[in-house]
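Below you'll find the structure I mean.
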């Protein structure tokens, strides 16, 4: 369960409003790698976590902090938008014509939709969506996704920080940057513990590794003129089995030319007949066949037949 | 520039069609972590790469391979859809009533829209979109995102592989799993080289690290009852400066209650006047002020005034 | 700031798993009117609220509760998904062929993507997006949107409740239904207080009401054969000014046929010349003209000219 | 069926073009609460309405009017875009350098995509989508959603009206504002009639109210320091049963900590074994069990067995 | 302006309900090429049309018809959904266990969200969005898009028609198929008239054709082993200038390897310095330079200087 | 399979950077009709093509070229963004105040997200999505969609070309315009060959034409005052059967008023009882009935009964 406290986690006071900067600032609130993303990602991962104790608690602790970060950022945004140019009547333009030119750079929805408040969107106005987040239940892959998200998030925060001299904004961003520095490490230490405690074989996701194509796991495929063969990814050894990597030219490993079977004639797919006549699409494929077995099975159960 | 060869990179021949499995298989083609995602992510990263030579070549080499993977998967899908139940007339249902029950599990767009071909969507029919990919220009953060994507992609491929016994499908997935095993390592070796060659200070994204809030980069914030303090992320040391991490209860670090300034009265935001009277939103904020300086500046330039 | 407590707000224990029901249950978690929607809507409204005290606190109190509801629902979902049919190998199908038929109704992403956990999507797999929420800063319109959302949310919860006999699920939904009953009233009492305390003139949003087309605010426009004129909306009186409503046939109130001006010839818009010759699109419109005044203004300021 | 008449419902003639204003104006055409939203919402509600006569006719009458409003707005937009700066060649910039600065504020798709015509998007360029609308079949909840949409729509129209001094634009908006004033009342009178005529028990959606958690329908949950308990929503009485509301601190009503069951081992979810061993996900849950009964039932029907 | 008539354009009565078919039927209502798409496409094109008279009238006439088609399809859908399995309680499942298996194939939102009414989505539940439509203002390209949309729409209607034996459904679809046959021709005759009346040079969009790379307009580029050179597109003549097409192997026409310039150091893009030192991103590019001229220009205007 | 070559297909070198133009240029990379669209459309169509040889090869040849075009455009964009104003600190603004005004017109994600690289979005920042593309398997309808896409794509390229005087940009666009001129013809010749070789009856998609409503395929429906009857689409003859078209007023062809059946009472749809009492939604419709037959069928198979 979640509780709210009136105080913010950290001060969110700009020295002065700046509507143009606010439009850009939306990126680290509601963008692909904004705080809404890590907040929702950690909440879903935490609630979905199957290891009660330090792992689940850790994910949910940081989840609660991220809700608090989203709150801080929305407050900062509303303050940056104070007195933002909302209206340009002829009279206003007469008194201050430069205003007209500046208006273009603003996010019009800050005035029209949110009345000077933060929007749950990125810097181009795209609404945040859950296609940005992942909670797979596998902590190795999720922690690596989290470390990646914190890295991208920190980079964008850093770029935005370079776009202002406002000491109030920078004081808050100094906190956010530090948290992203810490959180990157948090997830990487998390991966280290998963391996140490036996929850993952290694840092490499390798389920069904026993039957993967072992040889293909050691090849870097290059194109003509490529110098990629000079990298460790081509000259090093597999961390899975210690065998060396090698370089091969990218080429077909098959003579399969992707010729497709005859189509269902009732779907009017253009076809030259080269793969034989098409059959109406109620032909019985794998899953359908399995389902049909029910008829046979029931019959057999009753009559006592056995194949 | 890109060239096409008729042969596929790897054989994509199922033993038999299976329309229900095909519906699920879409996830690793057009889903959040499907092959379309890594293909487009690597292409944009490669074209945007500012280090001619092994890094740019490596990204573009794997980009070309991923286009080839998308091709393999679409061929596999079209073959899995052969004879998929497209039509259920009364006559067909009379001959094979079980068919009706199975039809529900299919992806109806496989019959209606693509005529038995692959769709650029996930297993729930969501069209692929570019909000899944990132190309930041910073190779450290991008390589980590790539390693994360390969891990998630491999996990989903592995889960799907467990949903079939078709040897043809599994032969191709054995290849895909192996490539994902390799590619995870490729990106992690890439990060190692970036650090070794001085393109990144460490594995931690830490631009503007000189002015981040150094203390806040060492704290894990916990909630009541949490056991997260037992993890390395709380008991270990920072890889940035070697200083120990510590645990603190999550609490406000400020008395800022997020009280917002007076709103623009012309935006009809509900307000009690407690922060003073609101001003129409053509008040002059930071960026506007800067723009206005042009008037003064030109005047000064001409009259020779200096403030 | 937000804090987490390990206990849920309310028990979320189904009697038994039910993967088909789980697929539908997603609607009230991540759908248009699911709990994610009211959670994010109230959080943004609360942080954006300009009346410190009972209004802001009320919105944020319910916001915290809604995060807790999202948590409850995700736990319920993961429990409903226990043992959900994830794999159908030939062996499994041999032992239990009916399984194959049922698999179609499941949400494949519950198995492939989230590993048996809740997904941030609706019952058709659409990712939640912020286009579902509104925080306008105007409490009258927002409270009415909130009451509407609680009504729709309750209706969908009720429909879903009728789709199961599971007593564990129903016990939790009895709590959710009650909260939605209460919350609908909460927002309607909120509107009543806004009016009583003078934050809104009436329950009707009517900014700029002084210059709206007063007559047009009293007419119901009907089509041929329509019996809509029998309703109170046509026979009653305006709550704004007490004047009676009336019915008129829907008809043009103008002879303006929407003929458009000549297009920019450099945009290759098909045009017959009937509105005169088109001009290249760097013609100077309203806002451009205003911006251009800066040149004149500066010049005037310096030379002392006055128009 | 629908018929078209050449004349618009109301004049849509701006005094002069204004491309910057046009970019903002898109919000009330194709935004979350633009005219496209109410048009499509009323059309779907009307076609789906199960009460022939005044209710269905009323919804369809206003639906036809809203198509006409969308038409008016597109005409207004095309006229506002006359001569909009589409091209900036060096020559044009030489003659009029201020133009360059203004261009940024325009919607580039007005020039590139629609050739000076209206776009089916909001003021940030997001395409209109059907996730904005609702037609639930329940007139109480839908009418309340409609009243909310009209309120938000009117507020945004009013904010946009304050951004121009163009008398032609304002004349049309005076009509639109009036219609929104009227339409808000129309839906609220509609709710009143539904209750009066017995189509709804009260203004509160309360299906399945007989088994909801009656006590929980009377509580406002507060957080520390909150003053929300001062509101009518906490001090008033339920409109459903007349019983008083009360305030309680938000706290867990259960000791359920959301511990999840053992996961499917074939989905590679990270798990510590604390809830017992996981079983492959073809375990038989509720719906599957029900389906399996078919085998038993058929057998019984034939053999005459009865449990 | 638009008016509504109670009667549908064409009868929409299925012989009997069919919830599974209804789920698929959504594709031709709210899918990429469903009736909502052509309706909105023609409305926007018509309102935006700059040729008063037969062209504008034709587009708006068909636009009105398409609204009427959307109405017909929603009525058909609501009737197909009559008695659709909405609830599966234990009791219902006991009486009719097969029901459970079938439920999977239904669209759950038909029960949960729309209460047995049509949804503004496709057959996979994706909400309709305006990214499906185009109104460019250029009638040649728009008419060709319209002809294409009618063709795709007809194909999908035809595929769906093959999925049912319901005579009521087929009677309506026979009307829809015929309209799509007619409408394809309507748009193609429209193109013919545009050319005949001089509104388009030929059927080929060729604005700025005077300076396009004339030679590159005659080449088909092939890959190794391709037999595409056998087609008319390679062996025929250009309809623009009558010159023959030719075939060339796809190869780079430049030695430009896409090496990018030095990045802005404040954006932390990974870079090896090979293109010289990067400069902070306030370097002055094209548009910025143009804007800066205002300072010089004003100064010159006043001092009388002339370059 | 696909291979990469370091050289671009065509030079992509602007004379000078121009960040404002770059923002607009995104439209022809990642917009509805940008190069990403034709690339993905042709790839899916080609992989899905059922005619090995010249048709499949042709589609895949142009698909490979389009990947190369996307590459060229991303390089052009990154070069246009060189030195783009990324940061505006007080110091920068002091030295160059005009900068502030220009910043608004930029795409902020070019600085914040991609670090001066191309974005997979349109000119308004909407991420590219697969809802833009179609691969139906029917070459007639797909080729017509392709011709339409090339036409729209060329038009937008042409409009954008008019927005710059940069000779480097124009040289590349001269190539692109020419390719679009050629590709329009390529698809139209493709349609001609399909007809000539018997893969399509005529240029009109007319599957199931034998039972379409033949009369309705010859009528243009007009509204009052419309002059659309003057066009060839009303005065010409059907290309299908040579019969003349005719004009009729748009009017209902039925007395069906769209009255809907009684709703499921458990879905709480508002209803007046006029169509009789509603039944709970587990009534057995078409598909359910068919599925139920399995019980009867099995029973019959065993007992030897025959209806």
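A, B, C, D, E and F are the chain letters, set down in written order, and residue numbers restart from 1 in every chain.
In this section, a contact is a pair of C-beta atoms (placed from the backbone, for glycine too) under 8 Å apart; a residue touches a chain by one contact, two chains touch by 3 or more.
All values reported here derive from a predicted model rather than from experimental measurement.
Colleague: Work out which of E-F, A-D or C-D repeats the contact pattern of B-C, with more than half of the residue-numbered contact pairs in common.
Modeller: A-D
Colleague: Copies chain E, chain F: same or different interface, half of numbers shared as the threshold?
Modeller: Shared-number fraction above one half, so same.
Colleague: I'd like the Å distance between the centres of chain A and chain B, where a centre is the mean of that chain's Cα atoms.
Modeller: One centre to the other, that is 4 Å.
Colleague: Taking each chain's centre as its mean C-alpha position, how far apart are chain C and chain E in Å?
Modeller: Result: the chain centres lie 26 Å from each other.
Colleague: Using mean CA coordinates as chain centres, what's the chain A-chain C distance in Å?
Modeller: 24
Colleague: Which residue numbers or ranges of chain A touch two or more of the other chains?
Modeller: 1, 3-9, 20, 32, 47-48, 53, 55, 57, 60-61, 64, 68, 71, 75, 78, 86-88, 90, 98, 100-105, 111, 113, 115-117, 121, 124-127, 129, 131, 134, 136-138, 140, 155-156, 158-159, 162, 207, 223, 225-226, 250, 252, 257-258, 260, 262-263, 266-269, 287, 291, 294-295, 297-298, 302
Colleague: Touch graph across the chains, line, ring, star, complete or other?
Modeller: complete
Colleague: Applying the document's contact rule, which stretches of chain C touch chain B when the two form their complex?
Modeller: Residues in contact with chain B: 1, 3-6, 47-53, 55, 86-91, 100-101, 103-105, 107-109, 111-113, 115, 121, 124-127, 136-140, 194, 199-200, 207, 294, 297-298, 301-302.
Colleague: Spell out the part of chain A that touches chain C in their complex, as residue ranges.
Modeller: Within the complex, chain A touches chain C at residues 1-9, 30, 40, 43-44, 47-48, 57, 60-61, 63-64, 67-68, 70-71, 74-75, 78, 88, 90, 93-94, 97-98, 100-101, 103, 113-118, 120-121, 127-131, 133-138, 287, 290-291, 293-294, 297.
Colleague: Show which residues of chain A lie in contact with chain E when the two form their complex.
Modeller: 155, 158-159, 162, 266-268
Colleague: Which bits of chain D are touching chain A when the two form their complex?
Modeller: Within the complex, chain D touches chain A at residues 20, 23-24, 27, 31-32, 98, 101-106, 122-126, 156, 159-160, 162-165, 223-226, 250-252, 257-260, 262-263, 267-272, 274-275, 294-295, 298-299, 302-303.
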